[in-house]
Every structure is written in C-alpha cells, then in structure tokens.
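Each of the two complexes below includes subunit A, the first together with subunit B, the second together with subunit C.
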Partner chain A sequence: MSLFKDAGHLFRFAFLFVVAFFVFLVVRHFVVPKTFGEYGHYRAAAIGEIAAHPIHFAGHETCETCHADILDVKKAGKHAGVNCEACHGPLANHANDPSIAPPKLDTAVLCIRCHAVSAAKPKGFPQIDPAQHSGGVPCETCHQPHSPAIQTGGAK
Partner chain B sequence: MNVDRRHFLIMLPAAAIAWKYVLAGTPEESPNYKMSDHWWSMLIDIPKCIGCGNCVRACALENDVPEGHFRTWVERYHVTDWDMVNPEVISPDGGKEGFPAAQVDDNGKYFFVPKLCNHCADSPCTQVCPVGATFISPDGVVLIDQTYCLGCAYCVQACPYGCRYIHPEKKVADKCTLCYHRITKGLTTACCEACPTGARQLADLKDPNDPIHAFLRTHNVQVLKPQMATGAKVFYNELDGSVR
Partner chain C sequence: MSGVEGYMYPNEITLYWSVLIVLYPYITGLVAGAFILASLVRIFNVKAVAPTYRLALLTALAFLIVAPLPLMFHLGHPERSPEMYFTPHATSAMAMFGYVYMWYLMAVLVFEIWLDYRRDIVHLSQSTTGLKRLLYRVMTLGSDNVSPHALAIDHKVGWIVTLVGIPSAFILHGYVGFIFGSLKSNPWWNSPLMPVVFIFSAMVSGIAAVLLIYMFTAKMRKMPIDMPCVDTTAMYLFYIFILDFSLEMLDLIHRVYEADESFRTLNFMVHTKLYFSQIVLQICIGTLVPLLLLAIVQVTNLPAIIRKRIYVISGCLVQVAVFSMRWNVVIGGQLFSKSFLGYTTYKMALVTKEGLLMAIFLTLLPLAILWVLLKLLPPWPDKELAYIEAAAAPTT
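Coming up: the complex of A and B.
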C-alpha cells in the first residue's frame, strides 16, 4: 500500500473534519428551532404565537349578541355603518365579563372628532362648526348618537 | 428534593404531557382556520376617509404600539394646482388626534391617505432579513418573529413605505401584522373595526365571494409605488397621482 504510505497525518486531519462535521450536526439539531423551514426560511411556530395575541376590540357582532335593541335603533339611522367600538372604544374585556362596566363617553370629544368642519373632509360628509352650531350645548341634547337625526320635525 | 421511585413513577405521565406542549411550541391556534384558504389584503377608499384618526388610536390600543411609533397612520395631502408634484403633507402624531381644520383653498385640494404595511407579495423587507425573522406567511401577511429578530434594522431601511420601526423597549423590528390575531379568528382588523366611514376594508383575495373582486374590477384602484414591484396588497381607491 504505497499509496497510503506516510499518509497518517492526513488521516488524522480528515478525522478531525469528520468529527467537526458531526459536532456541527449535533449543535445544529439543538440550536435550530423545531419548526424552522416548515413553510420557508423562518420559524413556522411564530405564526401561531402571533395569532395567539390577546384581542382588545371585541367586534360589532359580539356586541350585537347582547345589545340587539341598540342595533335596531342604529340600523334605522345615519350611523348604521358605524361599528360600536368606533365610539365606545375597545371592549373585549366587557364582552368577556359583562360586570366590567364600559367607560363613560364624552360626546363633546367624540362627535367633534368626526364632525368638526374642515375643508379637507369629503364634501358630502356632515360637518359643523362646534362654536356656532350649538353654542356649548352638549350634542346629545338634540342628537341621539345611535340615530343622530333630530326626531321631531328638525333638520336631519 | 427527595423523590423516591414511587413518586418518580407517578410524576412521569404528567411530565410526558408537559413535555409534549414544550415540544409543540405553538400556543392555541384557531381550530377552523386554514392558512392556505386565504390571501389577505386591504382596501382603502380615499374619498371616504375623514381623517378622524380612529384607526390610528384603535391600532395603538389593540397592538400596544409604543408612543411616537405607528403601525398605521394618516397623512393629509394639500395639492395646489400650480405644483402638483410637491404636495404639502402633514401627519401630526400620525393623525392620532385628528387634524387641524383646513381652510377652503380655491386653487387646490385636500385629501387623507391612511397608510399601513402593504403586506407585499414580493416584499423587500423579508428579502433582506439575515436570520429569517420576518417572512410572508402562507396566507399573505408579512409578519415578524420577534423572538428571532436581532434588531439589525435592515428591514426598516428596506421597506419603501416606511412601515417598520425598531420597538424602543424590545429593540426588535415591529410593524403592522394586519391584526393577524384577529383575522385568524374571523374578526376584522382593529383599524377596520374602528373606521366609522368604511374607508378601510379587510379583504381576502382567495375568497371568491369577497366584494373586493367586484370593487377592483369597477373602480380606479392603485397601489403605492407600483414601480417598486413589491406586489403591494393594500389597494387605494381614487389615489391621487401626487401621493408617494
């Protein structure tokens, strides 16, 4: 076997490479997350973790299961397309435990957010100048937020 | 701790069950949700936006967005007739508390442009991530694995829409998830839920019954920066040419 004569140092070197390769495989097995590469170059389990984040806005369908009476009022009025939590804020905790009372709302802030006059808003959107429109009288004196058109003979 | 053989054997099944959950690694997933059945997108109807900032506030509350950073925000454009290519754009605090009243301008126009992650199908941000911490999910949502992210911010630079930021406390990339935790449970996103005028609509391009298909066929719809070929999936109805 003249071919392998005096090649012992090369075998030792090759053996080191083989050992290093297996060490790499073992380390890789423990370091790379289980689901990495399941769908692509990322950890597939992350999708489930993100999907498990807690919800804060319950969604109007949830509200409507209990508050069907308000839904009937709202459906007939101009605010039919406005979801509950657009004004009432996130109420998933109230939906999960009805004993948690939703915070009281301030119409002076809420109505103005959408309906304060501005040339930037779409022309057809109902807008008022808060100072001239009511002179400080609270909005709900005339307008019921769930169906805001003035009911008795007034302008819409 | 002294554990005799008897107690050790009693504890074995409990340990086996616990270990199963450790290996699974996935907290509760929605049982009836199949990723391959969806391809999420969003429709923004610019003529309907009133700049109230409801979406920005709802997003911050739903997703615990840190102060001064935005997963969605609203810009107000003021375009004058004599300088269409240099619009005046404002977004005070992301439009969170609305906008100052605009005076009537006979030589120009105003409009609002809500912005968010475009959940691009060929996203530049996912391509530059060196560790595979950000990716496009099988249902078309660009997500971040925050336990894997190094915070190198390559993706923040790569996003042509400026939709990413480094979370000031977690020190990792953060952005809109299209409320992935909501849409996988059959709810709409927080911004769509809170939008009072329906200017934002979550849409599923793989659902043949979704009204998005009819809308896209019959309206003048564009995406932002189409020349970047990002495959953006946030569609803007009546988008003005001055918007960037």
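Coming up: the complex of A and C.
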C-alpha cells in the first residue's frame, strides 16, 4: 500500500507515456493513407492514380502500322534498335489523331544527345566530337536519320 | 570539370553528404559520451566524478534535442520526418534509428533527469512564483511526494534506467557507425570495426565535452573546481582515449596489411586530400598531443593550476580530433571514385541550407539549450543549493 503510494509519481509518468502512445496511434490512424500496405510498403491507391495519367508514348508498334515505309528504311540501318519516340519524343496524341503534326526535330541537338563523346560510354559505341565532326552543320545534311551510316564510296 | 582529378563517374563529382552529415555523428557522439560519463557515477560507483553527473545528463539532453536537425536541414522537408515513425520499413536503418532516438530521449534521458531532479523540482515549485512556478508544477506531474521512501524508490528506478541507458547509448551511436560500416560499396567505410570505433570516439568526445563544460561553468559561477573530480574524469578520458586510438590504429593496420584493390587509391587520398585533416589534425594534433599531455599528468605530480590548463587544452584538442575523425570518414568516403581512378573536391558553401553558417549555428544551438536547462534545473552540488532547501523548509 505504501509502496503504491510512494511510487505514485512513477505511475503518473508511465501514464504520460501511455497517453503519448495513444495520441501517436490516433494521429497515425488519420495521417497514414487508407490503402497503405495493401500490396506492399506503399499506398495501393497510387497504382490507380498513376494508371489514370494520360498516356504520352504510343510505342513503336503503333507508329509502324502507319509508317511502314520508315520502318523498312530503319530496319536495314544502324538505328534499327532505336525506337521512333526516342528521337521524335512522345507522340501518342499524334498516333490517335494524325492531323496533329509532330514537332520538327533539330538534329544538331538531337543526335549529340546520344553520340557526343564521353569517357563513360562503352568504347564500341559510335561517338563524335560535334565541333570537330560537323562544326554545327545539322547532322541530316549528311546522315539520313533513319539509316544514318554513310556508305563509303556512296554519295554523301 | 573543376575540382576533379582523374576520372569520376558523373554521379560522384558532387558531394551530397555535406558538413551537416559530419556534424550529425559528432553531436550524437557527444550525447552517448556524456551519458556514459553519467553512468560511471550511477552504475560503476565512481564517486569522484559525481559533481559532473547532472551536468552530463543535461549536456546529453541538450545535444540529443539538436541531433536530428542536421539531418533535417540536409534532407529538407522536415514535415515528412514523422512518416518515418508512422510507416517505418524494417530494412531501413534510419527508421529503426528513429525509434531508438525516441526511446533514448524519453524513456532514458528525460526519465532519468526527471527522477534525479524530482526533489528539486518539487522544492522549486514551492519556492518560485508566477510562470516559473507553473512550469515547475507541470514538471512535478502533480505529485509532490518527496518522502524518503519515495526518493529511495526513485533512486532504484534511476539505477535501472541508467543500466538500460548504457546499451541504448551504445545502440544510438553504434547505429551511426553501422550506417557507414555496412556500406559495402564504399571501401573507405566498409568495416565491421566502424561502429566500435564510433562508440569509443563518442565516449572520448562526450567525456571531454562535459569536462570542459564543468570547468567553464565553475569559472563562470566563481566556484572552486573540484580537483579530484576533474582528475578522475581526465583519467577516464585518458584510458578510453587510448582504447579508442588503439582501435583506430587496428583498423588502419588492418587496411594496410590487407591492402585490397582500393588500397592504393585510399592511401594516395590520405597522403594528399586528407593529409591535413587526418594526419595533421586528427592523429598528430588531436590525438597524440592530448594523449601525451594526459599521460604526463598521470605519471607526474603537477600543481593543480597546470593540471587544469592541461585538461582544458586536451579537452579542446580532443574535440578537434573527434570532429576531424567524423569529417575524414564522411567527406573522405566521397572524395574518391568507385573506379579508383579519380578524386573530387568538397567545396563547403557558406550561407546555404547546408553551409558553414548553418553548421556553426547547429553547434551553438545545443549550448544555448544547455544554458536554458542549467537555469531551469541547476545541476550544482547540494551545498550550493542550500538556499533553495532553506526557502522550501517551512512548507515541507
């Protein structure tokens, strides 16, 4: 009895802890999103929200249904493995409605995005120093974007 | 690229862990160290250092309150930090640390300080007036039972809290070392000795800090410095410092002998970019000089005034050593490329969110908090508080 009385202040302190813990639980209940943890350590509803974003990329298969001619050229060249929209940018709206014209590309900017020399790129990858190589002349003056290799001996 | 020599991967050129990340382990280290000093009194019964007991606890509290701030300024978005508590991930060392931090703050430090001060708080709540009285009344939690039996219970419970507090302090600071030591991608950090070295250097810095604060506050209050107390504290500082230094040397020798593929790069780094902060500041000025000074005190019989000077100098040098140790770990680990072919430079900003001014502010902030705590809960020995007891006597 006297132990209980003389330890009373300890119970008060412990009570504070319990209260704090309950406040924590209540706050947690309100701030943690309802669908958190449904599938994993994230908000499950985020999947739906992300899926609802408008689609920007159509995918190269879609382009190829209408631009089969380009595909034939590209397939034969060095850019066979490069997707249409890697160069042309996202064009889903154009694929849905071809009357929306895709923006014109500036090859002087576009091509060096991939081909500028950098020590971090694998040695086998074709790289050029644009200033030395063409001195600002647009690349398509000499290279055909869809089949860029210049046949040695062929017309420039 | 400015500041880059040789080859760096693009993502390595800028250092992301700035001076604030250096400050963070330094501050948590002071907390753990100060607490270990307090536990010397409580658990290991080292009576001589008793005058520093309460001061050590308050120092630990002041620094612990500030400890998460460097991280918050570094990361930005402080409003997101509670999410670490609400939705913790078991594989996140940071999230687990959040709980250790909370536990250590509330269940260990605040609880122990409260238990130890309860008698004073009750007296103060009766002898003060106005707002202060209200504050102290709240701190009593409405119980003014300071009967001998109640205080005896407090004493026992306090002992248990300290006992639990020692491993908690080790975990609190060991975690910081663990974060670095467990990073297998970085050879400068990856070492199982890292948490141990961090803990020992933490003890060294914390004990030295309390020693300095004790001597400084005594001077400010024009009170005599308790020489047996500072002598004993310095003796523990000396021994733990030797342990700490041996461990760091063990780590070094191990790296040199192992000489794995990273060795040439790291060795070069230590001899160039880290030469000043590691060899000169950390090892020579910060470690060997104070070790020598403290050793001289141990074996000779110097007059008190010289001893005091030596303690102040060593205490300051120890802070330099431990801070530069944190610096060398955090900054050093980001100066070299994972390709082992290049080095970058750390340029500290001045007035940015993570700049020098912020670092200085965050170093001074705990001292300001400590000043408030000292006003609120005077830790000075009982005889100096006699007037409070006298004032409270008629009511109890």
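Heads up, the rule we're going with is that the second predicted complex is superposed on the first by the 98 of 156 C-alpha atoms of A that agree within 3 Å, B and C clash if a C-alpha of one lies under 4 Å from a C-alpha of the other, contacts with A are read in each partner's own complex, and residues count from 1 in each chain.
Here, a contact is a pair of C-beta atoms (placed from the backbone, for glycine too) under 8 Å apart; a residue touches a chain by one contact, two chains touch by 3 or more.
The shown structure was predicted, so the numbers you read here are calculated from the model rather than taken from an experiment.
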item	value
Which of subunit B and subunit C A:Ile128 touches, first, second, both or neither	neither
Which of subunit B and subunit C A:His41 touches, first, second, both or neither	both
Contacts of A:Arg28 with subunit B and subunit C, given as first, second, both or neither	second
Which partner, subunit B or subunit C, touches more subunit A residues	B
Touching partner for A:Leu10 - first (subunit B), second (subunit C), both, neither	second
Touched partner set for A:Ala120, first subunit B, second subunit C, both or neither	both
Partner chain(s) touched by A:Ala86 [first = subunit B, second = subunit C, both, neither]	first
On subunit A, the residue positions that both subunit B and subunit C contact, one per complex	36, 41, 119-120
Subunit A partner contacts - residues on subunit C that touch it in the complex	7, 9-10, 82, 85-87, 89, 106-107, 111, 114, 118, 140-143, 145, 147, 149-150, 153-154, 157
Touch list for subunit A against partner subunit B, complex	33-36, 39-43, 45-57, 59-60, 79, 81-83, 85-87, 89-90, 113-114, 116-122, 125
Of all residues in subunit A, those that touch subunit C in their complex	2-3, 5-10, 12-13, 16-17, 20, 24, 27-28, 31-32, 36-37, 41, 119-120
Partner subunit A, residues of subunit B touching it in the complex	23, 25-30, 33, 35, 47-54, 58, 61-63, 76, 78, 98-105, 110-112, 132-138, 143, 145, 147-148, 177, 180-182, 184-185, 187-188, 190, 193-198
